[in-house]
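Note that the chains are named A, B, C and D in the order they appear, and that numbering of residues resets to 1 at the start of each chain.
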Amino acid sequence: MINSRITEVEKLSQNTSTIRFKWDQHAEAGQFIMVWVPGAGEIPISLSHLGNEKGITVRSYGVASEALIKKREGERLFFRGPYGRPFTKVEGRKLIIGGGSGMAGLLPLIDEKSHGIVAARTKSDLLFHDRFPRGHVTVVTDDGSAGIKGLAVDGLKGLRLEDFDVIYACGPEMMLKSILDRIRDSGVRAEFSLERIMKCGIGICDSCSIDGHQLCTEGPTFSLEEIASMREFGVTRLTESGRRIWLGKH
Amino acid sequence: MINSRITEVEKLSQNTSTIRFKWDQHAEAGQFIMVWVPGAGEIPISLSHLGNEKGITVRSYGVASEALIKKREGERLFFRGPYGRPFTKVEGRKLIIGGGSGMAGLLPLIDEKSHGIVAARTKSDLLFHDRFPRGHVTVVTDDGSAGIKGLAVDGLKGLRLEDFDVIYACGPEMMLKSILDRIRDSGVRAEFSLERIMKCGIGICDSCSIDGHQLCTEGPTFSLEEIASMREFGVTRLTESGRRIWLGKH
Amino acid sequence: MGFSHCCGELNFMSILGTEIAGIKLENPLMLASGILDENGYSMLEILKHGAAAVVTKSIGTTERSGYRPPIVVPLQDGLINAVGLSNPGIDGFREEIKIASSSGKPVIGSIFGSSAEEFLNLALRMESYGAAAVELNLSCPHVRGFGTEVGSDPLLVEEIVGLLKSRLKIPVLAKLSPNVTDVVAIAKAAEKADALVLINTVKAMAIDVYARRPVLSNSYGGLSGPAIKNVGIRYVYEVYKETGKQIIGVGGISTFMDAAEYIMAGSSAVQIGTALYTQGKGVFGNVNRDLAEFMEKEGYRGIKEMVGVAVK
Amino acid sequence: MGFSHCCGELNFMSILGTEIAGIKLENPLMLASGILDENGYSMLEILKHGAAAVVTKSIGTTERSGYRPPIVVPLQDGLINAVGLSNPGIDGFREEIKIASSSGKPVIGSIFGSSAEEFLNLALRMESYGAAAVELNLSCPHVRGFGTEVGSDPLLVEEIVGLLKSRLKIPVLAKLSPNVTDVVAIAKAAEKADALVLINTVKAMAIDVYARRPVLSNSYGGLSGPAIKNVGIRYVYEVYKETGKQIIGVGGISTFMDAAEYIMAGSSAVQIGTALYTQGKGVFGNVNRDLAEFMEKEGYRGIKEMVGVAVK
């Protein structure tokens, strides 16, 4: 297990913080680390800040993430990684679509030629919508408390897909599914970062698998074509115990 | 365990053969390998030939060495190594003193500026006395069947130690002891290769130790000064079981 | 890394073919229980990469979430895991067997329980799902002799194996634990099994000295990978020599040499687990290719000729 | 490599000092039994390199040559050995203890036997030679329960330890084998010992696939080194937790982190063996230096504060 002293904790909202720490290790956008909070658990978290002083941006959902955002400067961060296949770097105009805490792993991709669609349940859950070039972000909320009222896919309405060289997206699977269905025939290059339960992070426990591919080693990023060929995507996944459930039905 | 097909077996005498085999590994004069003869045992044997086609020269004393000299071209040689601290390379005139099969490990040191003292119990046991420059070898046998009748140390009589830049010697401990006593005040640089029981070859079993130094890792070559400081040299050693015996008394 | 598709047909079949407990295998490599075998699609993918058969994750009677992560500690030369027997329960596993079986290759159902009756019920279900055999994971905690495992009680092992053999049509494989004083006694207790599987993981623990506590949420775990290879070789050799039973070797295999070592110690087939972490799925193709080459060079005409040759 | 002389005085004494079975140690590192401790001069040299104490090779009643080489198989991450308890017999060992004791540091006599009486006789001799303690190697073959070891029979262990404690003035250390089903039962049987030593080697075997046979002349051997470190940690942790006894940890230690892990699992001192092969004698100096630095940075004022901190 690697450990590093936390250099800074920036509270972004009630339940979301960015934790910075020194880690002299090459890593790329889309990769993640397994963060261990002794006594609380170990969870996969994307690197939201690359470079020598790395960062993660964590939203508290439960035991481990809650314990994590309570960490303070000077405390140790325990983790292993970096793991996973990064997003492919593509030159040109990027469309970046993030739902909820899914924006965390997309942050390093944002540049002056990016346009963003940032979606969340409600205004206070919006993440990193302020990091896009002025005028180049579409905000969408379920409850309409900010931006368009609707789903992430609705943020696509005003945009011409042909204007973009690549689309990167990360968020809940049903959000990605609706985006996939909308863009699959457009011919635009796209990569999505998927989410599943991840217990080991190293390709052996099978908790994160989709269609025989382990998110932790062969993903979490996959191309549009790869995802379109998956029988399980948007349809079914295994729970913590390994029970197969159907998405959207529970 | 490394293995290599034997490329050649050269019979040097009734009970001594040189076995050649390909092994692409840097090694230096004075180093040895642990040769495993499946079913017969594992024994330390000096490298008598360096370069890409290595060689060992083995005299049969017992079970393992006897099985070894019976090996034929095309059979596999099993071994591990190279082990041990090599002789220090010294430019200039060398005096090389070998007793019995002790000459095997000295062979790679012989060059056109060397003089040899080759000692053995009897004529047929002499090894590599024919590899020195013409006229530059003194032969000594216990029984006088060839050369001077006497011990290796007697071969020193006609020689001026000051003529040599370095002395290298290998042979039975009591032979080395008498040489040490004869040359220790001469000021000539000297290194001896010692012999003890060697069971592991990697510095853990303690069977080859002398004064706390393991022949297999810190030797088998030692400088005159190192040897002169040893309380056990020429005095005492442990048997296979670890029983301390006094040399020359058993 | 990457979304690799795989390897075409293997052409080593004739030389690599083997048989274990009456099951024909196109090569001696199987996926070990607990590694990428919870989801049917994952098993399919492993079979595509060259495994001749897969063993499922160990399945019990009721659904279990397993332990909270950390459930693995990657080490220099191995891995400690404490997954905690997470499984959907036997009722929820039919679908996965069905998906994996669509490959046409043998899918072996691993089961765990703490009594003979429980093992029997699970085994009958596996049989009804189409499993080619059942593998008994005898390493779960044992209620009667707490602290130890089901597999360390010879009487219980004999009872379980005996009952299953009397009621099942498919072969029964008994997977033994290395955490016992006398493995031969256990192997003899499992004598009625069609084959023995050796070894499960070796009990171990890792402490993080900066966190000042064990890393695994369960504290204790099982060591697998290269670190235990020579422990496994010893168990296979000893049990083969003392019982002559058919054996499937498992523990630390990641190269053809490891596989050959296990076969020469007495294994008719071998399983691979942890090497999926260190080598990726390509390990099946690589080991098959290198093993076939080794066998040809060394003059073996089939796996059978190699089984147990080192045992004296 | 080379004829290294050694390391000057260590300045970590105050922070590294520890105590085990009433014996004061200037640091927690001891030489493990069987490694460079047959010849008194070798033990002296190890003490010069920073070990606080040495344990001798295990000595029996009569002289034994041990097995024919190969007696070791070096592995990637460890070593398998089958030295075969070569030893000069207790009569022939007085001199070596004397040589080693000239260091002024504790020399602990390791002994093996197959009955309580034999252990007692050996122990009394060790005491008379000036040994600071005896360490009981309970891993030799057991006649009553053949195949297994003396140390897997709780009644025999209890008898041996009990007898020795009633007759010796010097402390008794019981070294336990990891090759048992239930180590806690054995540890409890050895309860009267002043401290427990955990672990001895793990049974293992290596086969050379080209020679088609086991490498060791004895076929079976014991695995040591990094491969068994996490197995040792588990044993120390479990026994410390269940018995609270003083423990000396051993198995795969080659860095300060390994030593710290053992200490946090419940060891009051540790032993180092195989690392002498991979790291050389400098390992004692290095581990002492790095451990002292670690302790200072982490705010420990002494070894005692670290003992068992990971045990919950």
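As a convention for this text, contacts are C-beta pairs under 8 Å (C-beta built on N, C-alpha and C of every residue); 3 or more make two chains touch, one makes a residue touch a chain.
The structure displayed is predicted, hence computed values, not measured ones.
Between chain A and chain B, the least number of touching-chain steps is 3. Averaging Cα atoms per chain gives one point for each, and the point farthest from that of chain A is the centre of B. Taking each chain's centre as the mean of its C-alpha atoms, chain B lies 35 Å from chain D. Separation between the centroids of chain A and chain D, computed from CA atoms only, is 51 Å. In whole angstrom, the spacing between the mean C-alpha positions of chain C and chain D is 34. Among all residues of chain C, those that touch two or more other chains are 210, 213. Chain-to-chain contact here is organised linearly: an open path runs through the chains from one end to the other. Inter-chain contacts, as defined above, occur between A-C, B-D, C-D.
Residues 1, 3, 34, 36, 38-39, 41-43, 63, 76, 78, 80, 85, 199-207, 209-214, 217-218, 222-223, 226, 231-232, 238-244 of chain B are the ones that touch chain D when the two sit in their complex.
By the touch criterion given at the top, residues 1-4, 35-39, 41-46, 48, 57, 63-66, 68-74, 79, 81, 83, 86-89, 92-93, 95-96, 208, 210-211, 213, 215, 217, 273-274, 276-277, 280 of chain D touch chain B in their complex.
Within the complex formed with chain D, the residues of chain C that make contact are 75-78, 80, 147-148, 152, 179-182, 184, 202-207, 209-210, 212-214, 219-220, 223, 226-228, 230-231, 233-234, 237-238, 257, 260-261, 264-265, 294, 298, 309-310, 312.
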